[in-house]
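Okay, so chain A shows up in both of these, paired with chain B first and chain C after.
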Partner chain A sequence: MHKYIVKRLLWMIPIILGAAVLVFTLMYFCPGDPAEIILGAGASDAEMEHLRISLGLNDPFLIRLGRFLKDTFIRFDLGRSWITNLSIADSIAERLPRTMLLAIAIMLLSVVIGIPLGVVAATHQNRWQDNLCMALALLGVSVPSFWLAMLLVILFSIKLNLLPPMGIGGLQYYILPALAGCTGGIAALARQTRSSMLDVIRSDYITTARSKGVSEQKVIIRHALKNALIPIITIIGTQFGRLLGGTMILETIFGIPGLGSYIVTAVNNRDYPVVMIGSIVLAAMFSLCMLGVDLVYAAVDPRIKAQYAKKR
Partner chain B sequence: MTESNVLLEIKDLSVEYLSDGKTVHAVNGVDLCLKRGRTLGLVGETGAGKTSICRSILRILPDVGAEITSGEILMEGKDLLHLKEEEMQKIRGKNISMIFQDPMTALNPVERVGDQIAEVIELHQEQGNHEDAVRRAKEMLEIVGIPGERYYDYPHQFSGGMKQRVVIAIALACSPQLLLADEPTTALDVTIQAQVLDLIEDLQKQYETSMLLVTHDMGVVAQVCDEVAVIYAGTIVEYGTKEQIFDHPSHPYTIGLFGAIPSMSEDEMWLHPIDGMPPDPTDLPAGCPFSPRCPYASEACRKDRIQPAVTPDGHMCRCIRIEQSKKGEH
Partner chain C sequence: MTTGTVKKQNKVLEVLKRMSRNKLAMAGLVIFTAEILLAVLAPVIAPYGFAEMDYTAMQTGPSAAHWFGTDEMGRDILSRLLYGSRYSLSVGLIAILLNTALGMVIGAAAGFFGGWVDNLIMRFLDVIQSLPAMLLTIVISAVLGPGYFNTILALSINGIPGKARMLRAQILKERNAEYIEASESINCSRFRTIFRHLIPNCFSPLIVQSTMGVATIITTMAGLSFIGLGVQPPTPEWGAMLSGSRQFIRNSPYMVIFPGLAIAVTVLALNLLGDGLRDALDPKLKR
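Right, the complex of A and B next:
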């Protein structure tokens, strides 16, 4: 099992390197002159040429790529923003925890609400409880988070004056963004839980459990849900990975300086070093998420654990 | 036959399924009687309603679309169909337990096999804690011929025959009065079949358990059963002791079943199957369900439901020819 984890961690090296090469190449072909972006439209030709030479922008593609990879992965120098001239490493270290906190809060809400909804729907298949849960799930995917965010702000901040409308500070600043952002996750988890529970509930071993005199509640939770977890975990993992880079709408509305808004701002400003490093960090986080998912699989299902141990 | 000798009595049991808006008549007015310590074989083709009867006794029919439309299932005089769900849970696994057809899917793949045995023990033990249940579960493993240290293994580490042993261990862990064995050997290969059957028989004698054995294998019936009920399209067509059924099969369907077994002594070229297919359970014939395939069928067979004819020594047959021949004797 340990060998499997080490192997998976080693596999992350080519994945991240590949992401770096891809992102760098895409940025290389992007239109726009970096010197003009940095100095602004008013700079003279001589100033711009001077900057191009000092940044090495006139060098061939391969040399620039090599220099980028060396700086990033060997010297661990992530560079500075072209626009603000702040260290990218510092900015990410400052912003990542906020995005993580928001993503974790959203995921927790999705799991705590979505999975029970799916279980209720599956155990009451085709009855009103099922229809209600699935209607809620449909509502969940359909509600735009920015709209819900504004309604929540009006209700909880302006009318009831309970929670801060925006900004960062204590945990209370994350409650409204998490509520606004969790509907999609709830819907996805409710639907997935329902369908995989329906598969499992018809299995023979569920009948075996019933024939042993196990109470219905225990049959559902201990025997059925545990077997239905694998696809549910997959959804949780991918949703979480996506949230790390995809919370920028919420970050913008609620004024949270997180990773999502950082990268989107950088794209808008053609702040290429920030875009590249940001994308690589997201790729790394996502592959860590997937490793986490695979390890949880092994914890849940002994057959998968046995496979891992065999492959090593 | 005194009343106290009867463990389980099924009266006029009917089960229906609703599927695609059609009503499937799976079990149609079945009467069965099982005495203490005896084994009743329930023989019939796939889809004849055997499994539905077993599941009705435990009340574990699929919850969507299945319904027991009439009948009583009396266990020591108590009607199981009128018990509360909580009372039924106390009976399942303790007084009545079941061995399933397919051992490959009958065990929970993500639980240790030992824990699956210990679960039923812990649910029903009057005293003792989890450790006692674990100890007893290891004993049960040894009893069915699996080393106790394999308690901590998962089902995927077991072969089919060993899984069925585990299923048997679960079923017998609380020494039930009644064991429902739903084709326990069908999914196993022949050598393992014999071992598993021997094991079930030994344990049944040891625990003085009554057994309802569902099978379509006449060989299994001959080896294990005391009484036999032949079921066709949800109706018991013939019922009697093993000797009565084997020596004097009366219903044309039973006769056809025996005819379909290849003879080892004669040099036969062809098997003798029963022509035709079982009737569509959503659209059963009004009269005898076997009449469309029966070589002796007459107009009277197709008209009304056939009443059972019982000989003085308890051999029941639901066939118009038997009634007529009896009338002829008078």
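Right, the complex of A and C next:
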């Protein structure tokens, strides 16, 4: 098991390096002269040329790529923003917790609402409860989060004056963003829970458990749901990964200075170093998420754990 | 050859027949078809031009003259939504064709050739998928710059890995089937074996995913213009309209409600249709 974790962690290295090369290459082809972006339009030609030489912007692509990779992954120097001249590492360290808080809040809401919806739908298959839950799930995937965000602001901030429309402060600032962001996750989880519950609910061991006289509630939670969990965990993992990207728009709407809005602002300002490092951080977090999903599999399902043990 | 086409048509008809029994799927189909008609006929139907300003009615709520109200420049929101549907729908459809085609070619190559080709392609897809889809779309969109075709390109890239993986998995499942051996034994070229025999047999999940994919692309596109990339104003794109309405959210909530409703209804219709197609293509899955 440990060997497997180490192997997976090592495997992340080429993936993240690959992501770095990909993002660097994309940024290399971005229109606009970096020297002009840094100095502003008023700078003289001599100043711009001087900056280009000092930043090595006149070097060929491969040399610049090599230097970028060396700075980032060997010297751990993430560089500075072109626009604000602030250290990117510091900015990310300041912003990342906000993005994580938002993402975790959204994920918790999705799990707490989505899985019960799916269980109710499966245990009341083809009755009105099922139809209602699935209709809700369908609405959940169809409503764009940024629209829902604006509707929530209209209702809770403008009409009812209950919650702040944007900014950061206490936890109450995260309620609306989390509500707006959780519908997709709720929908995906409810659907997956329903279908994998239906897969297991007719199994022999469920009948056995019932005939032993185990209470219905216990049958559903301890026996059925536990066995239906693997595909549900996959969905949780992929949804979390998707969230890392999805928070970009939510953070922009709600004015939360997190990693997502940092990258969006950087893209709009052509602040390329920030875009590159931000993307690499997101890619690393995403890969860690996927690794986490695989490890949770092993924790939940002894059969999978046995497989790893055999491999060793 | 003739028997082949007859059989294929029967299958298509059978699927359509099965789907026609599904009321929700038909509702989705009707809504989506209606939207396409509205988009095509927008210049005929729309009561005003999409950039036409009515200085007597600026930022007014829904009324008899302007059913969905007017925006801050006195432009009719209904007309703008109708013209906007042309962008959303055409970008969605073209981007999905592009990414399905590319995903199919890549996935087919990986699945059919196997070995190092497969390995190389899969590792590359791993790298692409390690970046959140929205981030990749935003970055590519920034590289390509604004504009209609650039937006289509940026949006089509992010579905490719999913499609390629799915087709590869299907092909790995199908490649040892007898009909592949048969086609090889009668000396079909590899190209022909892949595109004429293998791919059609892997089609059903691809169709379902593509239908849902149009919905994802439309939402992503709206999200993209919402943060100021992609199609630029004054183009009446739905996401851009939504984004523009943000500063008037306090006094004119209808400016927020209608463009979002247009997106939500379209996405809902496509999801209904996709669900129905999935059930119709694979009756075993239906519960």
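One rule holds for everything that comes next: the second predicted complex is superposed on the first by the 307 of 312 C-alpha atoms of A that agree within 3 Å, B and C clash if a C-alpha of one lies under 4 Å from a C-alpha of the other, contacts with A are read in each partner's own complex, and residues count from 1 in each chain.
Throughout what follows, a contact is a pair of C-beta atoms (placed from the backbone, for glycine too) under 8 Å apart; a residue touches a chain by one contact, two chains touch by 3 or more.
In this text the structure is predicted, and so the values were computed from the model without any measurement.
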- prompt: For A:Asp204, is the partner it touches chain B (first), chain C (second), both, or none of the two (neither)?
  reply: first
- request: Check whether A:Asp301 is in contact with chain B, with chain C, with both or with neither, and answer first, second, both or neither.
  value: first
Query: After superposition on the shared chain, which partner residues are touched by A:Ala283: those of chain B (first), chain C (second), both, or neither?
result: second
Message: Taking the superposition on A as described, I'd like to know which of chain B and chain C A:Pro144 touches: first, second, both or neither.
response: second
Task: State whether A:Leu108 touches chain B only (first), chain C only (second), both chains, or neither.
output: neither
Task: Kindly classify A:Gln125 by the partners it touches after superposition: chain B alone (first), chain C alone (second), both, or neither?
output: both
Query: When both complexes are superposed, which of chain B and chain C contacts more residues belonging to chain A?
result: C
- line: The intersection of the chain A residues contacting chain B with those contacting chain C is 125
Query: So in the complex, which bits of chain A are touching chain B?
result: 125-126, 202-205, 207-216, 223, 226-227, 300-303, 306
Complex contact set, residues of chain A against chain C: 14-16, 18-19, 22-23, 26-27, 29-31, 125, 138-139, 141-144, 146-147, 150-151, 153-154, 158, 195, 198, 241-242, 244-246, 248-249, 252-253, 263-264, 267-268, 270, 275, 279, 282-283, 286-287
Statement: In the complex, chain C touches chain A at residues 123-124, 126-128, 130-135, 138-140, 142-143, 145, 215, 219, 222-223, 226-229, 239, 242, 245-246, 249-250, 253, 256-257, 259-260, 263-264, 267-268, 271-272, 275, 287
Complex interface listing, chain B residues touching chain A: 55, 58, 60, 62, 64, 85-86, 89-94, 97-98, 100, 102, 105-111, 119-120, 123-124, 154, 156-157, 167, 170
